[in-house]
Each structure stands twice: as structure tokens, then as C-alpha cells.
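Should a chain be cited, it is by its letter among A, B, C and D, assigned in written order, with residues numbered from 1 in that chain.
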Amino acid sequence: MSADYVLEELLIAAIAGLLEGCGHIAVGVSSPIPGSAALLRRHRDREAGGRTRVSIIGTTIPEFRTDGGVDLFDSAGQGRVDAFFLSGGQIDGRANINLVGVGDGYPQQKVRWSGSFGSAYLYFMVPKVILFRLEHSRRTMVESVDFISAPGVSPPNVHRPGGPYALVTDLCLFRFDRERARFALASVHPGHTLEEVRDNTGFDFDVPEAVTETAAPDGQTLSILRETVAPVIADPYPKFARRVWGVSAAA
Amino acid sequence: MSDVLLANVDRLAAEVPDGAKVAVFKAEGGCAAMAATAALIRRGVRDLHLVTVPTSGLQADMLIGAGCVATVETSGVTLSEYGQAPCFGRAVKAGTVRVIDSTCPAVYAGLQAGEKGIPFMPLRGLIGSDIVRHRDDYRVIDNPFAAADPIVALPAIVPDIALFHVPLADRFGNVWIGRHAELKVMAHAARKALVTCERLHDGNLLQDETLAPATISEMYIGGVAVAERGAWPYGVTGLYDDDADRFAAYAGMAKTEEGFVAWLEETVYGRAPAVAAE
Amino acid sequence: MSDVLLANVDRLAAEVPDGAKVAVFKAEGGCAAMAATAALIRRGVRDLHLVTVPTSGLQADMLIGAGCVATVETSGVTLSEYGQAPCFGRAVKAGTVRVIDSTCPAVYAGLQAGEKGIPFMPLRGLIGSDIVRHRDDYRVIDNPFAAADPIVALPAIVPDIALFHVPLADRFGNVWIGRHAELKVMAHAARKALVTCERLHDGNLLQDETLAPATISEMYIGGVAVAERGAWPYGVTGLYDDDADRFAAYAGMAKTEEGFVAWLEETVYGRAPAVAAE
Amino acid sequence: MSADYVLEELLIAAIAGLLEGCGHIAVGVSSPIPGSAALLRRHRDREAGGRTRVSIIGTTIPEFRTDGGVDLFDSAGQGRVDAFFLSGGQIDGRANINLVGVGDGYPQQKVRWSGSFGSAYLYFMVPKVILFRLEHSRRTMVESVDFISAPGVSPPNVHRPGGPYALVTDLCLFRFDRERARFALASVHPGHTLEEVRDNTGFDFDVPEAVTETAAPDGQTLSILRETVAPVIADPYPKFARRVWGVSAAA
């Protein structure tokens, strides 16, 4: 049976499950939940004798540090990064992501976000890209994005070893079928329903016959998170660790 | 060379002509030359073509807000945990700054082409992104080593000036960049680098076997000025932390044009905040 | 990772399979892994595709002389002040080794393409050189950004193994390369790097702010073995000098096949020179 | 009037004259005479208030050190290297150079040299390339090289900011005319004659009406060489400095 947990812990455990088999997981800036999931994955793999490696961009922990930005992108180009996380101000049903802005008339759109960062490259090069967006609404999950920062799928002649693998939100977990260029609902988080997901999603998606509930983290997982992951993730993300676990960085 | 060492950041800012293509470095790690940025605003520089390597934050936002920038070529301008970059957002929407959207590895690859003196660099990915659709300076070519394998060719980026902040420089104009290897690419690609440093190193950095590998030779450096706490309100790893209060203040103030002007008065011109008439 | 640290150079040499494409670093500065080279000869490795980055000397000459090399891709094999490389010259003339002539910046550019994961790198120069005429793996393409501007496209070089010697490594598999920045390119481009080091560093090299910038992360390292004086008879800057007597001896002995065999007996197998029957 | 001098000093002084106006002179390995010439040039420029920079590949003197091989070639590509030196086992009348070997049947030629090093690139990118070869004979100065490591001239549409500027041998100094793709004799060293040059040159070259004698180094030049240049060049080239000047490296 499962212990008490918070949404963040549910998501971290679910993402860690998706990361199975990834030898090198890279995590971008401002990604505490994916970062924690990568550390949970690594902990489990190490207990099983594996050598899973995690790079957290922006951390000062040497073990997780990349050799600068050029090295990060180059190593992805060499095929040395197995998993990465992307998000989007808008995400559509073909897994296109938009980090640039809302509205017609680019570049003078009515809302302007920061920009595409490394998405237009990493989405192609990293085999398992997990899309992560906490706000699941018709504002964020749209039929068609207003600007394609990075496309979800590519024509068969375009070199693309990587691409979208799953989409994790505050409501549910989708898997992405690259052949069909469609999301399929994988599980709905406890306390939420398929109808709620449908109501809040602007794109069409597949629904398997029996929709499962996202597995709640078990007691052992919660112990690992609270005792092992929390003090480590507190280095790059002190506010997050304090808020979720009341924990400060390890000395 | 002794004439590389300049008196102060204002003297350094004078080396940046109006209309220059200026490469600035991302915010994290303390390499954003913020004291020099204030000096550029004071000097009233105009029409800059800003290239953010590969992103920027407060630095680009302030330069844009102060009207110094005609074009910003960027993979992202953001205040990170303090939210969207307000002046950047306003200026893009108003059309008062031309934005050229890029993606981080394309900025690096363009600079690497500049560094190698080659006209372009091929790069994987990108195809199908609206970035490519809107960039008439990119070309999609055929990989000459395979059939029907399209690949993007990115033109070389050759900034007139690379502007950044480092922990250490010496009197010969050599600068020590620590872990920020991307600064070498930036400095090599640019016609010259203008650099602020926390302090001067005694002796020649190139003579120190442990410091030399992370040192950019004076051959690439057009000017160095000492600027203690020159990255503030950004922190410099190992020296001082981000000034969270000032970032929060900026994020609040810069939401309006008036608030941004007040920010400039306080932090760029060093004038006390105007007391509201009561 | 503890299993990166290998027992000795023979254990390291066992990681190099027959037929592997092995990149080795130029002689100057002490990065040629000579102790590991002797181990490779002892292990009797065969059919190597040697890529010299960008040149080599005693290391390539010994491997070629010992029959370990099928192909050598090089910008130059020379004993420098000690003259031409005798085994290389003999093998090329006899056709027992296939030589692929290159030019230094083309080796670097090919490795940089490998490092970036791009299929090719454009490079200026080269057109009209017989190097290009004999390289059916090069392409002359049109610069997509100009009319009638031919430029050479060099295919990426992706060695199976990068083999080199460094002053320092740590128990995690991180290695410190000092000023030899080219070693990063080599290690990044190769599927894995095998490294010998003069000594082990206590602690984690990536944790030292001055050493980290010249450190290659264990992510790229397949194995490290401690080999004190591992570059001998080459010197390592700041530690020991070139052994001029041994170079002179080699230049003399390797002029004949018999002399070369005697050299191997002495320096690779550690057997005393045979006493001539009197 | 000129003092007593040795051939090396004559050549150094002549090359230093050719280097006038070069802000950055790079010198390859095993080039003590070009290296000394670059240092002489720098000394004179500095006395006139200039900032001439010299990079000597392989030296441990920080001031002359490049940031590794990639940096050297890249900086030439950026146009930051104004002068460089090349040599050749064979040099022909169109300034083609051969560093690979002698004879037909490449790659199995009857003589195999080391290889082309950086010549196929630097010959294109460096504005003033000075060819330097001490052995002036019909063996080295040939009508047509057996292997073009780097061509002397290129078609007009080939990007080539650089190329051959002069050829200095133990007998004479040629200038190279890139438009006409021909050498012209500039001066013959003292003690040698035009006939001697002709007899020992396998290629055709232009001869101006009055062939001058290569200027002997004056007393001031010899003082600079012996007192200032010698102890510096002794660091990368101890044997050379000892042989020519009886000098060891500066402490």
C-alpha cells in the first residue's frame, strides 16, 4: 500500500519509471522534478550495479556538471545523451512544442516568451525526450502550436535518432507514438479522470481500452526521495527542496 | 601589451561603436559583463546587433529597455526564476526591436564557424522548426556524403565585439575564464573581445601551467578593465552570489516603462530614487 | 567509476581490438602514450587504422615497424631533428602499410565534425593539393552562401579509440590534459578514450576550479592506467625531458629491420641485447 | 660597412626585411632561421613603437606559445596570422611545394618524406608565406614537383587570401609574382653568382636587368642578433644558438 505523498513525488516516481534503461540522463535548467526523477533513477540503477550518469545543467555539483554548453550539445550529437526533458508554452497533438509566443504575426505576437533554447536540436538528437508541463489546460495543450520551436515528428529522410517519448502533466501521462504522430493516454493521476483530461486537452489523442491510474510511489521510493534525492537536488534547486521536503542542501 | 588595460568600464564601453554586432554571454556563472552594460547605457550606445551566447537575461533586457538595441539574435531572453524578460517582451511585441530567433547549438555552431574562418557550419536537427522557416540566412543543403540527407548550413557568426566578465586578467591582456570554455569560442570568433575582470593577476597567466589552459591570449583581447563585482546583480562562482533581492526588484519594477526608468536611475546612473510628491 | 581504473598498461592495451581505428596524439609535449604503445606491440595487436592527430613520430614508426598497422592516416610521421621515420618510410615504399595523406587542420576539422556529431566539416584551403586528388573520401562542394565558391567538405573522423598520455588522472576516470586542448577534441570524437597518466590525483579533478577547465570528464574515458614516465623516450613538460640518447639510438638502429627488431627487444620486451658470438 | 657575419645571419636579416609590416608572424617547428628573423623583426618594430607579435610553435616561452594546434589553424583562418614559413623537399617554378615524396606511383614512391603537415591550408590562408630551403639544387628546385602538398597558385574563384611571397635559399632570394605564377630573382647572396643560381635551379625564373647582391647585415643588426635574439631563440633551438652564436638560453 502506498504512503502519503505529494503530487511532485508522484510525478518524480512516474518519470523515473520512464527513464529506465537510460545510461545518461541530462536535465536542463529550472527542472527540479525531472532532476529529482533522474536522481531517483540513478539511485535505483546503482543499487542494481548500473552506471547511470546524470548531468544537471546549472548545478555546481561536479558529478552532475557538463563541460559547458558546447560540450552538452556536442555530446548529444555524438549520441551520448539518452534522455532529456523539454517543455512548451504550447504543446500540440503532434508533439510540436512552442517556446516562442502566442498569436499570429510572428515576430510581433501578442504574447512573447523567452525563446526556443536548445529544443530545436535536442528534440532530434536525444532518443528519449520527455515533455513535462505542470499546467494541463486548453491554453497549453493545443490543437496546433502558434510557433514550432521544435517539431514532434520529421519526414523519414531527416536524420533524427531522437524525439518525443512521453508527456507528463499534472493530470496524466501520455506516451507518444512516433509512427502515428499521436499521443496515447498511458495513465491518469490519482484523483483525476479521463473526462477531466479530455476537457482540458485541446488536441485529439488515443485512449486505450482500460485507462490505468498512475502508480502512487511506494514507501521505499518515498524514503529514497526524502532521504537521498532531496539533499542532492537542494543544491541546484534550494527553494524546491525546501518547499517539497523541507530539506536544505547537503553540506 | 600595456595599452590593452583600460582605466575603467566607461573607457571600455567607449570601444563599442553604435551599430556594432556585440556578442554577450549567458547569465549563469557570472560572465555577463553587467558593470560594462551599465556603462554602455550611460554612454547611450545605439543600434546594437546583440548576439546572445546562446541566451541572456537581465543584460539583454536592460540594453533593450534602454533603447540600445536594434536587433537581438537569441535562443532565449529570460529572467529564469524571476519570470519573463519584461523589456524584451514589450519591445518584440511593439516591433521596436527586431528579434532573430535561434537555438542554442546553432549560436555556438555559427560562432565556431566564425572561429574557424569557414563560411558555414552544418548542424543536425532544426529542420521543420519555424526558426529555420523565418531565418533567410540559413540554408538547407544536401549532405554531400549521403543521398537525400538534408542538413542545415548555418552562416558563420562574426561579432564585431565579444563582451564578457571574468574572474582574472593580467596586465598583458590575457584573461582567465575558468570553466566557461564557450568564452574562447566567442572571443576567437569576434573581431575583438572587450573584457571586465574582478581583479588583476600578478604575472603572466600564460606562464602558469594550471591557469594557462583556461586563459584566452591577449591576441584576441581589445581591452580589459577591472570591475570588482562586475557581474552584479549576477554572482560569480566562488566569489559572490546572485543578488536575489535586486532580481526580484527588477522583475517588479521593469513591468512598466516608468519602473524600468526608475531602475536605470538607481542602478545605472546611481541617482537616489525620486521621492514621490506627497 | 572504479572500473575505469585499470591495473596497468597491458590491461589498457587489451582494450584495443585488432582492426580498431586508433587516434594517437603528436609527439611534442609528452602526450604520446609510449608505454601503452609498447604494451600494444607486446600484445601483438594487428590491422590498426592509425589516425595521427595530426602527426606522429616514434609512436607511429614503432607500431608500423612492429606490423601492428594496416593503414596510417596522417599529416606527417617524422622523428623531427632525428630525421625521417625509418619504418614508416620502408613500409610505405614496400606497400605493406596503406598511407592516407592528410593535412593538420583537416585532421582537426574531421575530429571536430566527429565531436559535433555532424557528417562533415567544411574547410578552406586544400583545393589543388594532391592530398585532395588522392582522397576519394573528400568532396569539393559549393559554399551555399556564395556563388561559384568551392570549398572542401571533410568527412567526420570517429576513431574507435583515442589513446594518449596525461600528467594527472583521478580515480573517477577524469583526466587532466594541461595545455593540450586538442586532446579534448580527440576524446570527444572517439567512441572511447584510453589514457595513461603519470600519477593519480587525490580527489575529483572536476571539483578543483583551476584544474577542472583542462579536465576531460570520465564520460569520455574508457580506461585509465598509471604509467610513470609513460611518454618515455618523449619528455613531459615540467616533469622530464626527451631522452635524446634513445632517440639517436632509435634513428640509427631502425635504419635496418634487424636493428629495429633489436630495439624492440630492448625497449618493448625488456630483454638484454643479444651478445654477438665472438 | 659590414662586419663579419655567417650565412645564417645574412639569411635572418634578409628574411626580417621581407617580414616588414606583419603584425603577427607565426613560425613552425624546426625553423630556427625564420624564428630568429621573426624575433629580429619584432625587436625593430618594438623600437619603433609597434606591437608585432611572434608565435613560435613548440617553444615553452609563454609569449610565443599558441593555444594548441587547433587555435593556430583557426587563427590563420580568422586572418590573424600575417606571415608564415614553409619549406619543401621539392619546390617548383609555380611555387608548388612537395613534402610527401619523390617519384611516380604515389603512394609507393621511391623516396617517402614525412608528409604535408599544415601546408595545404596555411599556404592559402596566410597572406605572406615565405618559402625557406637551405639546399638550393636541381634536386630541390625542380621544374615540376612529384606531389603537390600545397599549390603555389589557385584559380581566381578559389578563396585564397594567402600564398607565396618569396623563396629564400642558401644562394639567393626570389620574389614570387602570383599573377604570373613565376619567381623573379631578387638578389644573389654575396659570394654567389647568377650563373650558379641558374645551374642549380630546375625551373625557369625571371631575372631583372640588374641583379643585386643580398645586403649583408650591418653592425647594429648583428648586435641585435647576437645580444638580443640569440638568447631567446636558444630556448626552442638550443643546438642552433650554440652552433651559430655560442649562446645558451636566457635564465
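The rule is short, and it goes like this: a contact is a pair of C-beta atoms (placed from the backbone, for glycine too) under 8 Å apart; a residue touches a chain by one contact, two chains touch by 3 or more.
Just so we're clear, the structure is a prediction, and the values are computed from it rather than from any experiment.
S.K.: Supply the minimal count of touching-chain steps required to go from chain B to chain C.
M.R.: When the steps are counted carefully, the minimum from chain B to chain C is 1.
S.K.: Counting hops between chains that touch, how far apart are chain A and chain D?
M.R.: Between chain A and chain D, the shortest chain-hopping route counts 2.
S.K.: Please state whether C-D or A-C has more C-beta contact pairs across its interface.
M.R.: Pair with the higher count of C-beta contacts: C-D.
S.K.: Chain A to chain B: how many Å between their CA centres?
M.R.: Centres of chain A and chain B (C-alpha means) sit 29 Å apart.
S.K.: Between chain B and chain D, what is the separation of their C-alpha centroids in Å?
M.R.: Each chain's C-alpha centroid was found; their separation is 41 Å.
S.K.: What are the residues of chain B that contact at least two other chains?
M.R.: Residues 112, 116-118, 123-124, 149, 151, 179, 181, 212, 237 of chain B each touch two or more of the other chains.
S.K.: Name the residues of chain D that each touch 2 or more other chains.
M.R.: 65, 67, 71, 73, 77, 125
S.K.: Examine which chains touch each other and state the graph shape they make (line, ring, star, complete, other).
M.R.: Looks like something else, not a line, ring, star or complete graph.
S.K.: Which chains touch which?
M.R.: The complete list of chain pairs in contact reads A-B, A-C, B-C, B-D, C-D.
S.K.: Provide the residue numbers of chain B that touch chain A in the complex, in ascending order.
M.R.: So the residues of chain B in touch with chain A come to 26, 28, 54-55, 74-78, 80-81, 84-85, 88-89, 92-95, 98-99, 101-106, 108, 112, 123-132, 134, 148-151, 179-182, 185, 237.
S.K.: Of all residues in chain A, which touch chain B in the complex?
M.R.: 29-30, 58, 60, 65, 67-71, 73, 77, 99-101, 106-125, 147-151, 154-155, 157-160, 239
S.K.: Along chain B, where are the residues that touch chain C in the complex?
M.R.: Residue list for chain B touching chain C: 109, 112, 116-124, 139, 141, 143-146, 149, 151, 153, 155, 177-179, 181, 209-214, 237-238.
S.K.: Show me the residue ranges of chain A that touch chain C in the complex, using the header's touch definition.
M.R.: So the residues of chain A touching chain C come out as 24, 51, 53, 62-63, 65-67, 71, 73-80, 125.
S.K.: Residue numbers of chain C touching chain A in their complex, please.
M.R.: 1, 114-118, 184, 188-189, 204, 206-207, 212, 216-217, 219
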